[in-house]
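Labels A, B, C, D and E are assigned to the chains in the order they are written; within every chain, residues are numbered from 1.
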Amino acid sequence: MFAQHLPVLPIILPLMAAPLCILLGRSHLAWLLATLVSALSFVISVDVLLTTLEQGVLSYAIGGWQPPWGIEIRIDTASAMILSAVTGISTLVLVYAKESIAKEVDPSQHTLFYTAHLLCLTGLSGILSTGDAFNLFVFLEISSLATYTLVSLGSDKRCLTAAFRYLVMGTIGATFILIGVGMLYMKTGTLNMIDLADRIAEFNGNRTLKTGLAFILVGVSIKLALFPLHMWLPPAYTHAPSAVSAFLASTATKVAVYVMVRFIFTIYGAEFVFHTMSMDILLLALAIVAIFKCSFMATVQSNVKTVLAYSSVAQIGYMILGISLVSSVGLMAGLLHIFNHALMKGALFMAVGAVLLRTGSVDIKAFQGLGKQMPLTMAAFTIAGLSIIGVPLTAGFVSKWYLVTAALEQQQWVIAMLVLLGSLLAIIYIGRILEAAYFKEPSELTAGKDIKEAPMLMLVPMWVLVIANIYFGIDTSLTLSAADTAAQLLTQSMTEIEAAQ
Amino acid sequence: MNIWSTLDPAQLINLTIVVPLIGAAFIALFSQQPNLREGVSIITAVVLFTLVLAVTDNTFSKLSMETTWVALFPGLEIAYSVEPLGVLFALVASFLWIITTIYSIGYMRGHNEENQTRFFFCFALSISTVMAICFSANLLTLFIFYELLTLSTYPLVTHAGTKEAKHGGRVYLGVLLSTSIVLFLLAILGTWVSAGTLNFTPGGVFTQAHSDSLVALLLVLFCYGIGKAALMPFHRWLPAAMVAPTPASSLLHAVAVVKAGVFSILKVVIYIFGIDNLSDIATTDVMLYIGTATVLLSSCVAMTKDSLKARLAYSTVSQLSYIVVGALLASSVAAAGASLHIATHAVGKITLFFCAGAIMVAAHKKNISEMVGLGRKMPITMIAFAIAALSIIGLPPMAGTWSKWYLMVGAVEADKMIIVVVLTISSLLNVAYLLPIPIKAFFNTPSGDQPAWSWSETKEAPLPSLIAIVVTTTACLWLFFYPQPLIDLINLIPDVSTELKGRP
Amino acid sequence: MIEIISSVFLIVGAFFSLTGAVGIFKFPDFFTRVHAASVTDSISTILIIFGLILRTDFDLVAVKLLFILIFMLLTSPTASHALAKSARHGGLLTLAETRSDKKVGDD
Amino acid sequence: MAEIIDLVLLGMLAITAFNIIFIKDLFTVVMLFGIYSFLSALIFVNLDAVDVAFTEAAVGAGISTVLMLGTLALTGRKEKASSHKTILPLLVVCVTGAALIYGTLDMPLFGDPDNPAHQHVAPRYIEDSPQEIGIPNMVTSVLASYRAFDTLGETAVVFAAAIGVLSLLGLPKRDRATIQSGLKSHLVLRVVAKMIIPLIVLFALYVQFHGDYGPGGGFQAGVIAAAALILYALVFGLPMATHVVPPRVLKALAALGVLIYAGTGVVSLFLSANFLDYSVLAEDPVAGQHIGIIAIELGVGITVFAAMLCIFYAFAGQTERKNIQ
Amino acid sequence: MSFIVDHYNYWIVVLLMMMGFYVVIAANNLVKKIVGLNIFQTSVFMMYISIGKVNGGSAPIAAEGITTYSNPLPHVLILTAIVVGVATTAVGLALVVRIKRAYGTVEENEFEDKEDLI
């Protein structure tokens, strides 16, 4: 009986489970509820994804009010694809979190942790599903507030300053988006994305709309940590509890990239953004700098979580690069990378969390000798690391393949080369950690300690992600068809214009 | 000869790739029982060889063998298709694997190495990837297994676990991964985007429609991207990889890895660019001269090296460039020579490495200067060394003669006399850096008076190693007298022939 | 007619309000300032609300305004009282006391 | 006339903001911020946004200021002079401002009834909502029905904030009444507080249920009710307040409010309508809408009340803790 | 002249926004940063409400005899945004309190000195 309501369920299930967690009060019950609800959302998202692949866009009018008067839930393949990744990762992270936060978070806050996690999930699902520009802002803020809370639960006091910085930057970003949406509304009188897109087309070159776009892009760029607005991200991911880092690194910034895609391709249209405003050159330049600067930063860090955080910023550069190539293949590569990167970063952060649990440190020195002591964890780290590098038969290779293809299709040989060179830096920063793990003797940090393999509850989700990395590196049919359909849908207007010319 | 005739030919390919993997699994399983483990290794090697023989048989009977594993991207699969050049390489690699396994047993036990299971395990893995490279039907498949080969041989390079080994391993991985990811992958993608296919197609995939500068650029990218071919200045990894245990060096860095590199170049030249179109490409000559420069320079470097393995390593760099030069000469005869050189150089160089390893195990000597008079202690090893050295130099009656001959003929055919000159000079250089070693060993004596030589004085390497050395030395000779099967095989390669064009 | 009366109320109310503001600036110390503010506040509230009531139709709105007035008359003096008392409690001295203690209070 | 008032208010806002930049005494800064909020509330009234003005006054000048003061009590009221770089921020601000000014050049005329914003979606709300929803306050109609999903999100945000503050500061323990706190010596204050606190609560209930007809609704009501208890806690001390409304109950109430809201939506799901479609809640769609709005406004009110009070408790608990030390 | 009359409202609002924004990014004291954030957001709210204004309109509460109403939609949006703002403020201030406890200061440059910057 709920078949037609499926699009809205991934939002309201976690939304209702969050207060229930508080009412339950007991942390293990809260954990169970959160995990089950998240898993259920995942199943629904996958179902929705398959439905969109068959039937195209799903639209659902909240409250029975037809858009543009009411708020519309609008799920196309791009949303459904990222939604599946987000809910899937969330489920795995929750399974993982039980053991992980037991060590890193004070027991009295476990229930709050699960509640905040569910709220964050609600926000992310909402952003991905909504078809209304202002509603997107609301959900963005739900997820952000929950995120600040989650980050501040870390055990190191530096998580507080990290969370505060994140809060200030995030709020500025959100306010910028608010300004931009206000300008859109001012000129068009509507907030529904599709309706907006129809009406913006009349105003090509309008100064208010241009400014609105600029503000939205800057705001979203803060949220997605596009260089040089990424300064909040490394401390936040470093000092947050590992489960939180794993979740945020693989979902939150990706969802922000999705928001950017949505605003550029659905609302404004590629024509306006890239031809009228020439945003592609700016984005391209920033993406390239992000890839190199932040990959380089990653190679000189001694805290492994910071390494991964900088790596995340660099990887976001790849996604933006895909978008800035202004082609269906480029966008597809970007979307693919959103999905694939979620898989790899999730696994990497989980592995690091396991190391933190067993050794009490995430310094690169703590990794020395772990290849023997925690073989399964380090094997997972290795495979996920190879995926980041983009070694064939891993998911990372697939997205890089399409990214370079997209660049070459535009005859951008230099950019193609730079993308590949960026992978070399990944070899260095992943390689350093692997070298420590496999070739160095245990350092004074861990010497003499009896270090055991991570508990089952952590290994299983970690390895599920690792296997997903390999699976989606070999059997690409699902991800490719989803990303392809999504990119086709999003760039429809663009191809129509090109055809007209 | 074909004991697998009951099998579907397409299944043979799968088997050649899977059998070493199964072997590897058993090796890991029997890690506690060395005899059983090494037994498994040898059996796997033999089975693999018979499989490759069966494939060869089918190739001669023009049976097409193809199989597809999985479609990685739309229109782009991990697929295999047998063609003669790959068969040639597979034959060489699988045959030498048997020998090397036998040799390793002696070497590893004689040397009391640690982590022997890991060694044999990775060995089997890398052979599996080599088989996949041999039979790959498109560049993507080739690339994937090319990378896997790098990764699976990395533990072999760093086997010793010393600081030196790690440094060597880092250079090895660094150079090979960087070149392959940045240049090779870029070249592949460039081909994919412009030509729309990555399948190995006789005559090449590029047409007149493709811009000349694009094709020229791609050629450079391929030549340098395939770092395993050790074209200067990306040759550093090869000497660095010599920190590996000798059996690993011998098989992988004289046969499997480097040959995978030049094999890839040959394959790209023949099936992606097409030999006939090669002369139209602007950068062919540039790369050709870089190849010849590599030939000469690395020979010169080799002369300065005292460490035997380092000298052999630079010799390998030089010899690999023969193949690159042969491939780029745009002549069918030179290509044939290059293909044949894969086989002849392999047997020659592996013998030399075996000898170097034997000297290390039996006499614990690494440097050439210490080998004075060693012929008395290790006569068989040093004789083998001398024969193999002659083969590398290209003197009859050794196998190397044929490949050099065809290369020279090809150079003449391509009207590039300078190459002929360079090859000749290079042979002289070979003489200069290889022959002194056996000469010193046999004819120089450390001190004036020596008692007459007797068998009791000898202290040869362990028996398995010795057997291996003898077998490969025999192969050096054998291939001089009976090169015909290989030449027949090479003549099956499209556009490649040992006959000069225009003459009946 | 009512209009005019109402306007007078409003203007006078506004005037008192203004005097209160001036007082805050002009009076020398905390206690006198609080005094100025609270006294004028009450009278101006009364006047303004009466002025407004006169402009209504004496319906529900007028009742609401009356409620507001009562509320303001309760809270505003209480707030002033609490403020002054807290200040006293916290040790703040009146102007006279400051002078007699010969302390330099220059604000 | 309205323009002049607008202009004067804006000028006063500018002066206030300008002072906030330069004043180092944080207590003054916070009070100025309260003034800023009040002034903006006045502007909202002047621009016909009475509901917004109501909320801004209650939240900006009320809750926010109280929380800021609470923070100042813990962190000290002086901003230290610093050699912080001012050039870069100034540059960023100038560029941003210039971009905004550029954006205003093509903006529709201020107050023009022909603006696109007044032509497209809004007319339906103005013309049809009194019939479709059956209540005169269009803001409430849009808030609670047309855009109910936004409001659900808003409730979740408040809930998330409560969760965040709880996880950061924790709730005060209920039985710590040994500490003397509150304003014991202020007899006048205590008496007056006793008189008006019930009135405030009554007023909150009025705002809650009168929101359909006039300005107000669950959110404002929740804030006002919370303000009543905040006053109580200030005058009689936190321990007394936690005795009246225990923190654990508040936590549960905050959760309950969200559940009531979302639950209303789920009920429509079970009545085979779309999520948050209230028309099916009664025979008559308009009556259904009314029921739905009352239900969700109640949810909002409960959550906001509980969350705001929770947040206040958490801050006040910290202050008490500091006092003990 | 009419250009100024039609836009002055937006310009002053922009000025206010930028003053708030300046406080956010330039202030060293965390409480002041939060105050700045609030000013910034409140000013943005004013921009929205300005959009909703219709000359000669009255508050959007249906009543007899009134035909022109101001646009209710921006009001709804801003109601939501105000709540979001106060929620952020609360969490931000809670963080400030914790930072004070952990570092003993709420001046940004002082606690930055105490942690090795990443």
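Following the convention adopted for this analysis, a contact is a pair of C-beta atoms (placed from the backbone, for glycine too) under 8 Å apart; a residue touches a chain by one contact, two chains touch by 3 or more.
Keep in mind that this is a model prediction, so the values were computed, not measured.
With contact taken as defined at the outset, chain D and chain E are each touched by A. Connectivity note: excluding chain D, the chains that remain group by touching as A, B, E | C.
Here A is the chain whose Cα centre lies closest to the centre of all protein Cα atoms. Simply put, of A-D and A-E, more C-beta pairs touch at A-D. With centres set at the average Cα position, the gap from chain A to chain D is 31 Å. Note on chain placement: the centre of chain B and the centre of chain D lie 75 Å apart, centres being C-alpha means.
Remark: chain C and chain D have CA centroids separated by 27 Å (rounded to whole angstrom). The set of chain E residues that touch two or more partner chains comprises 17, 21, 25, 30, 51, 73-74, 77, 80, 84, 87-88, 91, 95-96, 98.
Working note: touching chain pairs come out as A-B, A-D, A-E, C-D, D-E.
Residues 3, 6-7, 10-11, 13-14, 17-18, 20-21, 26, 29-30, 33, 36-37, 40, 43-44, 47-52, 55-56, 59-60, 63-64, 67-68, 70-72, 74-76, 79-80, 82, 84, 86, 89-90, 92-94, 96-97, 100-101, 104-105, 107, 109-113, 115, 117-118, 121-122, 125-126, 129-130, 136-139, 141-143, 147, 150-151, 153-154, 157-158, 160-161, 164-165, 168-169, 213-215, 219, 304, 311, 314-315, 318 of chain D are the ones touching chain E in the complex. Those residues of chain A that touch chain B in the complex are listed here as 386, 389-393, 398, 401, 404-405, 408-409, 413, 416-417, 420-421, 423-424, 427, 431, 435, 439, 474-477, 480.
Residues 17, 21, 24-25, 30, 33, 37, 40-41, 44, 47-48, 51, 73-74, 77, 80-81, 84, 87-88, 91-92, 95-96, 98-99, 102-103, 111-112, 115, 118 of chain E are the ones that touch chain A when the two sit in their complex.
Against chain E, in their complex, chain A makes its touches with residues 134, 137-138, 141, 145, 148-149, 152, 157-158, 160-161, 163-164, 167-168, 171-172, 174-175, 178-179, 182, 185-186, 191, 234-235, 238, 301, 303, 306.
Those residues of chain E lying in contact with chain D across their complex are 5-23, 25-32, 34-36, 38-39, 42-43, 45-46, 49-63, 68-80, 82-91, 93-98, 100, 106-110.
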